[in-house]
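Before anything else, here's the structure in question.
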Amino acid sequence: MNVKPDFSKGKNLAETAPAYLSVWDIHAYYGESYIVQGVSFNVHEGEILALLGRNGAGKTSTLRAIARLDDPQISHGEVWLDHQPLHLKNSHQASQLGIGLVPEDRRIIPGLTVEENLQLAQIAPPIGWSIERLYELFPRLGERRKQEGVTLSGGEQQMLAIARALARDIKVLLLDEPYEGLAPVIVDEIEKTLRLIKEQGITTVIVEQNAVRALELADRSVILDTGSVVFDGAAAEVLENEELRAEYLAI
Amino acid sequence: MFGLDKKDTTLLLVVALLTLLAPFILNPFPTDSGLAQFNAGYPDLMQRFVIFGIFAIGFNILFGLTGYLSFGHAAFLGVGSYSAVWMFKLLSMNIIPAIVLSVVIAGLFALVIGYVSLRRSGIYFSILTLAFAQMSFALAYSVLTPITNGETGLQLTLEDPRILGTSATADGSIPVTNLFGLEMRSATDLVIGPWSFTFSAGYYVCAIVMLVAFYLAIRIFRSPFGMMLRAIKSNQNRLNYTGLNSRPYTLAAFVISGMYAGLAGGLMASMDPLAGAERMQWTASGEVVLMTILGGAGTLIGPVLGAGMIKYFENIFSKINDNVLHGWFAWMPDGIEDLTVAIIHPFIGKGWHLTLGILFMLVVIFLPGGLVEGGQRIMRLFSRKKATKDDKSKAKQPAE
Amino acid sequence: FTNEPTGGSVTLGFNVPQTGPYADEGADELRAYELAVEHLNGGGDGGMMGTFSSKALDGTGILGKKVEYVTGDTQTKSDAARASAKSMIEKDGAIMITGGSSSGVAIAVQGLCQEAGVIFMAGLTHSNDTTGKDKKANGFRHFFNGYMSGAALAPVLKELYGDDRKAYHLTADYTWGWTQQESIAAATEALGWETVENVLTPLAATDFSSYIAPVLNSGADVLVLNHYGGNMVNSLTNAVQFGLRNKQVNGKNFEIVVPLFSRLMARGAGENIKGIVGSTNWHWSLQDEGSKAFVKSFGTKYGFPPSQAAHTCYVQTLLYADAVQRAGSFNPCAVVEALEGYEFDGLGNGPTLYRAEDHQCFKDVLVVKGKENPTSEFDLLEVVQITPRAQVEYAPDHPMFAGGALGSCNPGA
Amino acid sequence: MDAIILQILNGLDKGSAYALIALGLTLIFGTLGVVNFAHGALFMIGAFCAVTLQRLLNLSFETIDPDKTDFLGQPLKVKTPYVESWFGPDVGATIIDWSVPLAILFAIPIMLVIGFVMERGLIKHFYKRPHADQILVTFGLAIVLQEIIKANFGANPIQTPAPELLSGVATLMDGVVYPVWRIVYFCFAALIIGGVFAFLQFTTFGMVVRAGMADRETVGLLGIDIDRRFTIMFGLAAAVAGLAGVMYGPINAPNYHMGMDFLVLSFVVVVVGGMGSLPGAVLAGFVLGILESFASTTWATTTIPGINQIIIYLVAIIILLTRPRGLMGRAGVMED
Amino acid sequence: MGILEVKGVNKRFGGLQALGDVNLSVAENTVHAIIGPNGAGKSTLLNCLVGKLIPDTGSVMFNGQSVLGRKPFEINQMGISRVFQTPEIFGDLSVLENVMIPCFAKRDGAFRMHAIEGVQNEKQIMEKALLMLEDLNMADKRNMHSASLSRGDKRRLEMAMCLVQEPKLLLLDEPTAGMARADTNNTIDLLKEIKEKRDITMCIIEHDMHVVFSLADRITVLAQGTPLVEDAPENIKGNPKVREAYLGETA
């Protein structure tokens, strides 16, 4: 059973959207190529949504569109966060409204140390976890605070990217393949953290190739294929639905 | 044809046609009309177009393909010119030995400078090449005057000890550069009605050399070597871990483009046997950079267009003066005429730099790919019909 | 011959720096050319045509053909200047090229004109080489040269500063600088002066402090600045900054000499020029009839007095036109013949000779000094002495001029 | 000995000019990563701010002096500056005399505005474009700015003398005299350099801009309005360049192409100092200044003829070959 | 005597001992997996093998020859190829060209001037590259600008670039990270097939245990820069030390 998004074209989403984060009919392009072809879904406050799909399905592009990063260009469509029209904002405004993105290639800023990478996140309000608290969560980062961020090992960089998002006071956390390159112990660790975050009422959208893990964590799931939504429903449902798993997730 | 694919063959043929018909194409206005000012079809300027075209094509092999931005390429052009003039002074007025020597010497010069400069990349490389060129310029202007004749530039004199040839002609002049007897300065005029077209031997020699140079550049662009160079620009690191040594590739590209510059320098001296130190100054190096970017770096034809554009402004716009303007607008009522002239005045004659500066900005702002992109946009305008603009039909509705 | 005028008009090519550091001089040259053309075609008040000793010109153009002109930009670069001259010859059919404000450019264009078979009437060029080792049969220079500066300055320097002086030379490190330095050193050494040091400065130098500082303790009591244009303005400004003007050395006042002066440069140097001695080809305050007529017609047309560059360019144009008129032909060889050994007067420099052997004009040279109390922004120089022509003459084979050959005139195709 | 001290002073002085120009350039080029060929033009405009102020203060009304004549023999018009008639001849003359220091106040807002407008209107669109495009557009802009100045002020140099009080020479020790204004210039440069360092060191501003340079997108993701900071940085750089120009006027009379004369040199200084390093640029400025001064001594030029012509470039080559990233450059900045 | 012999390798970064006395012997024609927590020094070890880093002490012998002190391209020419942790490809070139370049390197050595003959005439090389792309299901993307590939595709492209060189030793640093499950399975199959078809030795770093256990003949567990254990896969799973340091409960 799919949950049909509870809004229709033309209505003012701010009034009608029941959801906390509403993505409605977004289309995105890279130059001439048409990547996101009308994606819509809702996320409720405090919920964890797993956004799944094959390589090149458009998951990253969707997250980037929500976080209002320059490219891809959204041609039309709307994104609402807590009655605020995100699609009218640019990326730093979106961030100030509470969007936090952990990008897929981590985007540790070259030339800055680990600590500076974290400090950078705390320049603009609103500020989230303190740096000390983040070091408690990821002791490896604490040990390497003076090391240049980009010389960290792959997994350490991933930790830094997550820590950096938490250093801001976020309402919605967008995670693009957070487990990639992490040792299983650390994955467990991060999973715990995500549950903790959820308890604090933060809404999370997670994109992950390790679909089983993501689905076990998530409340709901949206599956994308070639730029369109092919499934929208409870996470458990995907785990049960053999056909769906085989066709879109190959598990 | 010529070992090129269809697109490149067409390009080559079009360029060949344009160059060979340049005396007509560049002289569209009748000689007596006011617009004759805009005619560019006289030997010197046509030669300059193709010579700087060669220079820019060569520069583009380095910059366009590898991304290494040399800011000292004019040094090779200068060295080429000096070698050629010395060849005229010492050996013969035939241009072949002169051009051969200038290419060889410029190549050697490039080998040395390239070997050192290519130890660094990015801006550090640019500054190294700049420093070498500026040193060459400063020395040529002062300390090396015995070789370069300093400020005045190296010229032929009546006392040159020419081994194969005479020091002076029978009537007491300096002999003229030639190609096995074909004098570079000779030209014939063709008058058709009010039009007059000049066919200059020198121009056609340059044009043919340029076509050969252009053809070679296409081959290089399309060769595995060219692909390696593009790979260097894209990700040098990856190339090294793929088992390829990027140094000899960049050095080869550097030397080849240095030789192109030397060829241009040699040709320049062959058309007009003088070699001045300013040819090596940073502004001259900067000029070829601007030509290449203006036309479109990394494209085949772009640099030639850029070179033509800049030389056109330098030689045509700088020569328009108020007198000429008044001539053009004489048909207007006096007050309006003066006003029009006053408005245009800052942009012509001594203001040609201003116009050029504005042009640079306009091109780079509106045509990020240079003049070539301008051309492509025009082409696209014609083939627009095919492009489907209806995005919505493709857009799928959210899953139900 | 090349570009023989066939219609009712004849085209002259005015090749002047319109961009770059000498653009102001170029602009003034261009004004003079336009004025000359106007006068040749019978417009205006006729300027120096009225005072010129030759009466061949009658205000109907040249040989009855209306004078037209084209302009170009030398950018003060040999290459660009040649390109521009070539386009005038090849495209516009110019029969004579004139202009320029540096010796490198003049020599380069002169060489070109020789090869192309047109006449070159040099503008502002002061190097000995222009009519020395680089002289050409088709090229003519009205302007004076480094040797003449030295010869004219020396007696005045002796009179002003005595014959027991130690001179320190700063010299622009290129051919013009060297020839001028050589000339001045020779002339002053002949007076009994000692040349303590000659330091070559890079063309690109803008700050001369590191060249000026050593002067302070060198024991020299005269500084000679063999610089022109921006170099001269900067080196002089720096010298004054270092207090050289107020210094006493060997019990004498320290002095600065700038052998080649121009009013435009003097303006650039501002206050610093006051009291400094140098030589110049011509100055608007001269009171002979020719100069007065020229200043009047130039001043009336443009609102300020002409510079020496304007003067020499104007004169060169008239001289060319006159020579054609007298020769009765535009053929360069006929013009050369008419100009060689030609004696004239009334063009602002007194009786003048275009010497046949090297195509150099011989005339009086002005020694000038920066004025202490200028009454206007143009009134910057005062004439100290008019050195008579006899004193600045030299043999055509003088070592400083030896080496080149005039060759034979080339009428072109 | 005196000679050596003098050359060191000269070196420091030249060095402070190089350092100051390079400082502005390195803010744009080393930090924002824009190859700004218009930087020289900003320096030149700074100098012309002083010229303009001097002209403004010298705005005069004309009276006819029947006793004297002008060059055409007509009665001479005598000019009296308004300032002198408003404030009295003495005060007026003093104000005019102090026009260069006053021009500092005049230039700061002008240069800031020019910097802001330039960044907002033009450079902003070029951060992501290839360096080649930046070169073309800024070079074009430099030409346009130069030509505008040339059209208004001519091509000849225009003197902007230092105030009477600060001109002349100071005796530093026995036998060593040095122009006062050059000492002022050195102190001024030290002040500006210190100020900029402090601003970037003791605030997060520098770090944010550096980060934005390396990865704009991610910095935006962290809620920082990087565009605004880039604009401020650009304005700051323009102001530094302009002030360097204002103060340089009394040393060498400004002309319209003074910027181009310094342009290449300042790029060399910045790169030798190491891309992205402010202290590097300053250090390189002083090193090159001092070496240049010593290379121009007679001793040096007689030992190696022409050394004064090439010293800067020679040293640049040696430094860049022995230290891959100049004196203090950071890895990865403009290395590809 | 294995094809690769690492003896007593140490590497320090400032105060950090990234590798401490590492000994490793990889037998010819086997797949050797290196696993371990994030920051254990796995990538660092690989860097020492390909000439990116020079160890402080120790020796690295490949095929009886020392690789130390050689430039990366020389080492590659000896027969070692590497897939990087973050994809390194020629972004400005097309996918096909990306694969052709290693073919040239294989055929012509480190440098050869082929400046005149057109690329399109290199039929053999083009065919070889295409075949490789087909093997990896990327043939349809051959003319794409490789920078605009999705992340998973970039990884596959890089694999293709290394495999097409037919190296004697293939080093893979997290080759399947970020790859969709289906493609991960394909990759496993592909690697298996290659292993069977060709004489190739592989060294693989992975956090995905599914991949490790499907492929590896032997496993070394690295922790804090030193080998913890080296053993056959069956024995690793049960090893309590490994469980604690790396696998966590879920494995």
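Each chain gets a letter, A, B, C, D and E, in the order it is written, and its residues are counted from 1.
By our rule, a residue touches a chain if its C-beta (ideal position, glycine included) is under 8 Å from a C-beta of that chain, and two chains touch if they have at least 3 such contacts.
It should be emphasised that the depicted structure is a prediction, and the values quoted were computed from it without experimental measurement.
Participant: What shortest step count links chain C and chain E in the network of chain contacts?
Facilitator: The distance in steps between these two chains is 2.
Participant: What is the touch distance from chain A to chain C, in steps?
Facilitator: Shortest path length, in steps: 2.
Participant: Decide which interface, A-E or B-D, involves more C-beta pairs in contact, and give its chain pair.
Facilitator: Between B-D and A-E, the larger count of C-beta pairs in contact belongs to B-D.
Participant: Could you pull out the chain whose C-alpha mean position is farthest off from that of chain D?
Facilitator: Greatest centre separation from chain D goes to chain E.
Participant: What whole-Å value do you get for the distance between chain A and chain B if each is reduced to the mean of its CA atoms?
Facilitator: 52
Participant: Between chain B and chain E, what's the gap in Å when you average each chain's C-alpha atoms?
Facilitator: 46
Participant: Hey, how far is the Cα centre of chain C from the one of chain D, in Å?
Facilitator: Those two chain centres are 34 Å apart.
Participant: Quick check on chain B: which residues sit in contact with 2+ other chains?
Facilitator: 138, 141-142, 353
Participant: Where in chain D do residues touch at least two different other chains?
Facilitator: Counting only residues that touch two or more other chains, chain D contributes 306, 309.
Participant: Provide the residue numbers of chain D that touch chain B in the complex, in ascending order.
Facilitator: 35, 122, 125, 129-133, 135-137, 139-144, 146-148, 151, 264, 267-268, 271-272, 275, 305-306, 309-310, 312-314, 316-317, 320-321, 324-326, 334-336
Participant: Considering the complex alone, what residue numbers of chain B touch chain E?
Facilitator: 3-5, 216, 219-220, 222-228, 230-231, 233-235, 237-246, 248-249, 252, 256
Participant: If you look only at chain C, which of its residues touch chain D in the complex?
Facilitator: That would be residues 20-24, 173, 197, 199-202, 204, 206-207, 209-211, 213-214, 216-217, 230, 233-234, 237-238, 241-243, 246, 264-265, 267-272, 284-285, 295-296, 299-300, 304-305, 375-376, 378-379 of chain C.
Participant: Within the complex, which stretch of chain A touches chain E?
Facilitator: For this pair, the touching residues of chain A are 30, 33, 53-56, 60, 104-105, 140, 144, 147, 151-156, 158-159, 177, 180-188, 209-211, 249-251.
Participant: So in the complex, which bits of chain B are touching chain C?
Facilitator: Where chain B meets chain C, its residues are 39, 42-45, 48, 138, 141-142, 145, 149-153, 155-159, 168, 171-174, 176, 185, 198, 272, 274, 276, 278-279, 314-315, 318-319, 321, 323, 349-350, 352-353.
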